[in-house]
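See below for the structure under consideration.
Should a chain be cited, it is by its letter among A, B, C and D, assigned in written order, with residues numbered from 1 in that chain.
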Amino acid sequence: MTVNFAVLGAGRIGKVHARAIAGNPDARIVAVTDALPAAAEALSASTGAEIRSIEAIAKSADVDAVAICTPTDTHADLIELFARAGKAIFCEKPVDLSLARVQACLKVVDETKAPLMLGFNRRFDPDFRAVKAAVDRGDIGTVEMVTIVSRDPAPPPVEYIGRSGGIFRDMTIHDFDMARWLLGEEPDTVLAAASVLVDPAIGTAGDFDSVNVILRTASGRQAVITNTRRAAYGYDQRIEVLGSQGAVSADNTHQANIQIATATGYGRPPLLDFFMTRYVAAYANEIAAFIAALRDKTPMPVSGHDGLLALALAEAALKSVAEGRAVTVAEVTG
Amino acid sequence: MTVNFAVLGAGRIGKVHARAIAGNPDARIVAVTDALPAAAEALSASTGAEIRSIEAIAKSADVDAVAICTPTDTHADLIELFARAGKAIFCEKPVDLSLARVQACLKVVDETKAPLMLGFNRRFDPDFRAVKAAVDRGDIGTVEMVTIVSRDPAPPPVEYIGRSGGIFRDMTIHDFDMARWLLGEEPDTVLAAASVLVDPAIGTAGDFDSVNVILRTASGRQAVITNTRRAAYGYDQRIEVLGSQGAVSADNTHQANIQIATATGYGRPPLLDFFMTRYVAAYANEIAAFIAALRDKTPMPVSGHDGLLALALAEAALKSVAEGRAVTVAEVTG
Amino acid sequence: MTVNFAVLGAGRIGKVHARAIAGNPDARIVAVTDALPAAAEALSASTGAEIRSIEAIAKSADVDAVAICTPTDTHADLIELFARAGKAIFCEKPVDLSLARVQACLKVVDETKAPLMLGFNRRFDPDFRAVKAAVDRGDIGTVEMVTIVSRDPAPPPVEYIGRSGGIFRDMTIHDFDMARWLLGEEPDTVLAAASVLVDPAIGTAGDFDSVNVILRTASGRQAVITNTRRAAYGYDQRIEVLGSQGAVSADNTHQANIQIATATGYGRPPLLDFFMTRYVAAYANEIAAFIAALRDKTPMPVSGHDGLLALALAEAALKSVAEGRAVTVAEVTG
Amino acid sequence: MTVNFAVLGAGRIGKVHARAIAGNPDARIVAVTDALPAAAEALSASTGAEIRSIEAIAKSADVDAVAICTPTDTHADLIELFARAGKAIFCEKPVDLSLARVQACLKVVDETKAPLMLGFNRRFDPDFRAVKAAVDRGDIGTVEMVTIVSRDPAPPPVEYIGRSGGIFRDMTIHDFDMARWLLGEEPDTVLAAASVLVDPAIGTAGDFDSVNVILRTASGRQAVITNTRRAAYGYDQRIEVLGSQGAVSADNTHQANIQIATATGYGRPPLLDFFMTRYVAAYANEIAAFIAALRDKTPMPVSGHDGLLALALAEAALKSVAEGRAVTVAEVTG
């Protein structure tokens, strides 16, 4: 079986997913679309796929699945449209920045029973998968603590900050998902602290650039997440899980695996400094997992509900900072 | 100049300090004491020093300094006694488990102007000092975040838990001191989460065994501390400081610096699993620093006030757990 | 400009190179061939290229370049054929196992001025290139010593040993090339020791499985190569270059970049254990370099002469083992 | 039982051994001697031991053992003197630079049955012992290859080179001993290459500064040793043993176990750069092993014969370089 895709959005991430689909032996791209004609044409040229309108794609009998790579504020509408059109949907995270809108959208997905996978790419990174596999094999006993350090090489443009939903919804959201995935229990309480240390303009825009978050589950398992918008040495992405019988961790990826020793000491290159190079394998694996789930008719490896719960943690973190107290997830999901 | 010491307490830690003093070219031990005659005799035999009563030591003209290595609940009284007797005082941490008692004791120390150094040994670990030196040299720019992972190999006996003052006052206290030392600003707010995951008996005793703490300073710098009472792989002691231009970290110390590669993978030995082997150099360096400060008439590298502030953070952490909210240091110091 | 390729040989390595060519934006495959019709058909199906005979390819006006991926004993004849046919040639190493045959073949290449690149893939490994770049930048001063450890995970089938030309021509040949590349001077003397330690059948076949080689240049620079046909922990590929001001080294690649710590110690996964996974990036880079050299009309990054000199070192090593003495390269090249 | 020592030679290494003896609970120093009165007096003052002449020490009933730390050219005579005087002997390596003189000296030792331990300190380094323990436990199966990298931070003064016996007898000798210790079989053939790359004055003095050596045992096991007199990054001391089921290695020791990450990459401090700091534990352990062997009446852990065989390998290496061929140990031991 070959899955026929339409790729919606021909920007940076759309091209990444298009390449992954084109390289997958069980899939091909039949249609592309983008609000900018030039972008659509470029992607059409490199993939050989037709340019069609969104409406035409929704009606195309030869399209089995859509990959939604458009701006965030279009995601929920497109998910609803294609769910009703009977297509399988791969959507870049997030569904929406508003919890209420996500809940409404997922209601449509549930009603239509449309297969929906949300693009939390980190779950598909080979090293993080190896961590998860070790946890699942019981190598470290019962999970107790998850520690995540996640730092961007440099902050995004301040104009992006304004429409990002803020650091918790934009950046920590990935770590919330990783924490949920690794804790093996749902966090029910959130404690967070947030500062502006990197760039005062981020504060002026109403956001933070340096945060720490503690998550706690009902049985007392905890996760601690440390995020900053600037790490001079590259894109810092580390996770560790402590269990009753040990710990498993994934370390960073350097630009090359070499070492230079001189009179001043031993040096290694900085880390990969861009999420697309750091997670190049993760992006390919995630599309492969979506295709495999469609082919094998198994549940999607990341559901819309996963997106909802990560967003709820972000809301709770924001409330925790604002009110200086522990906030339960129930308080924000209503 | 040679500093003449009396060692008070001939137990495990007393022997460690006695060895460090005996090996220091600028110091010697002239008297020892212990409530247990056999312990006092053993230490007297190995050091060649006389056994004297505490009262006699306080009156001994040939004693310049005392090393207080007795049980915690005697520390404050002994500090006051020897401060009034005009002796220089090295005291194992803590001064006391009660913040009010510490405050009263330090009032006496201030009035008598007695030199007092508190034994926060980690500040004297060669690797942690190298981290501090890098920070002080400006290698990483302005400090923003401190991350401390500190895990014991195994919990202490439950009967000890009862008189330990609890995990924050007994274990995290070291990390509070490290955080203060490395942040370069006083933390003013504490957020903490605490669980019982290792042994339910610890919970029955009214304590926790797994905690995470976030500290925040007035300018927004943060420290995050993760503690557990059990790490199957040894005594886990890591610190990292992130600054505007980079990060510096100290890694763990393994039992040997070897690697065994077989069909199942690459293996390294577990960590050193006892604080006395892990911090053997720190203990020697800390006594040397005390002696050097006396000799050079410079301020003590760790003051009673440092002990007070670390304890205040512990109190605030405890209150944060109890009340589920951010607690300021001012709330607990009154 | 697009380079039109014919791929000769549709076996394991032919498929690797076909994939690299297909993925290169400046190249495409127009023809494939293989002695086994089924193999040719499979490669034709996956690439969309026509099946043609070798003779037809030599005469095809639409073929600019050939990738020779056929058995070793056909390489020299094919190189001569396609050099005379005016095609650019990428040939898997070696040109031939006989030094005299290589010399004769390269004479034809020189006469026809055909562009010929030999597939010493390791020069294109990202980590080894980073080592070379550090050397070329002068990071370690003047090169003095090169140390290469190269171990296969497991020996090849004994029947392969018989037609491999022996360990020096089959396995060490890669390290001879790396040594030449990194020393910055031609080795003129070879000292070698060889044993059978892994499998007596390898000895019965007239070969060795465990060797050490020292190369020396006229100015006294040295390289030492250690090879074995079995490393339980994976495909062990390390290089180090020592210079007057330091050293640079490339370490191995593990199956995942994770660490599991338990009561028995810290473990990392074994190494990648197959040359095709270990050198996946190298294979893609090497074809890209061939295409770029054709496009830019620059010299081939690895010439037939490089193949000849590596083979001469292998011959000298063999003679050194047989005669128990230092052998000069001049003795074998005549 | 307490072993009473006389320390012969109060220079750098004499002080190291004196400190180790003084710190050992089963030993004490009763006498010291040195050709320079000031040196003898200083050591006497710091140890509390009497100054006695060599002759007096030989006749002292209260001296059980001597530690010979005098210049190399006195070792053989002193060993013979004290062997005949019935003392146990710890002697810094080497016994002598002349193989014939060593053989004559060991004949006296054998006749007198005097306990003699030679100071090959590296066998007592904790990391190298952990390597040996792994080999002895069978963790890596049957030993096949030993790889030793040993580089000094900087060459010794050229005047020292002249009386050192040359790099093989002075520096490689340690690695020959390690190779013998780890191979588990006696090497019978030596191949060596030697260059002058660091300082032409070393060549003028008749020596080399950069060498590689291959040792081979009767069954085909091999060791490869790479030595240079200069490593800008510190005192480089690495060993690796490959066996049929894996490999075990010991890595270098850095000045501190920290890492600094900035925009230019990750940095670690250089290596310890002095043999006395690098091998501080080894020196203490080696004296303890000598004392333990005396106390337990077990064989000395390093015999005079070990010194003889390491020296024979050095002679064979020198001959291999001179004659450009493989040299057997039998050729030099006669």
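We adopt the following convention: a contact is a pair of C-beta atoms (placed from the backbone, for glycine too) under 8 Å apart; a residue touches a chain by one contact, two chains touch by 3 or more.
These are the chains along with the protein names UniProt gives them: A, B, C, D = Inositol 2-dehydrogenase.
Source: prediction; values computed, not measured.
Chain pairs B-C and A-B differ in how many C-beta pairs they share in contact, with the greater number at A-B. Relative to chain D, the most remote chain by averaged C-alpha coordinates is A.
The centroid of the Cα atoms in chain A and the matching centroid in chain B are 41 Å apart. Chain B and chain C have centres, each the mean of its CA atoms, that are 58 Å apart. Among the residues of chain D, those in touch with two or more other chains are 140, 231-233, 245-247, 261-263, 269. Chain D meets chain A in the complex at residues 231-234, 254, 261-270. Per the touch definition, chain B reaches chain D in the complex via residues 126-127, 130-131, 134, 139-140, 245-253, 255-263, 269. Of all residues in chain A, those touching chain B in their complex are 140-141, 144-145, 147, 149, 151, 189, 191-193, 195-198, 210, 212, 214, 216, 219-222, 224, 226, 228, 230-233, 236, 242, 244-247, 324-326.
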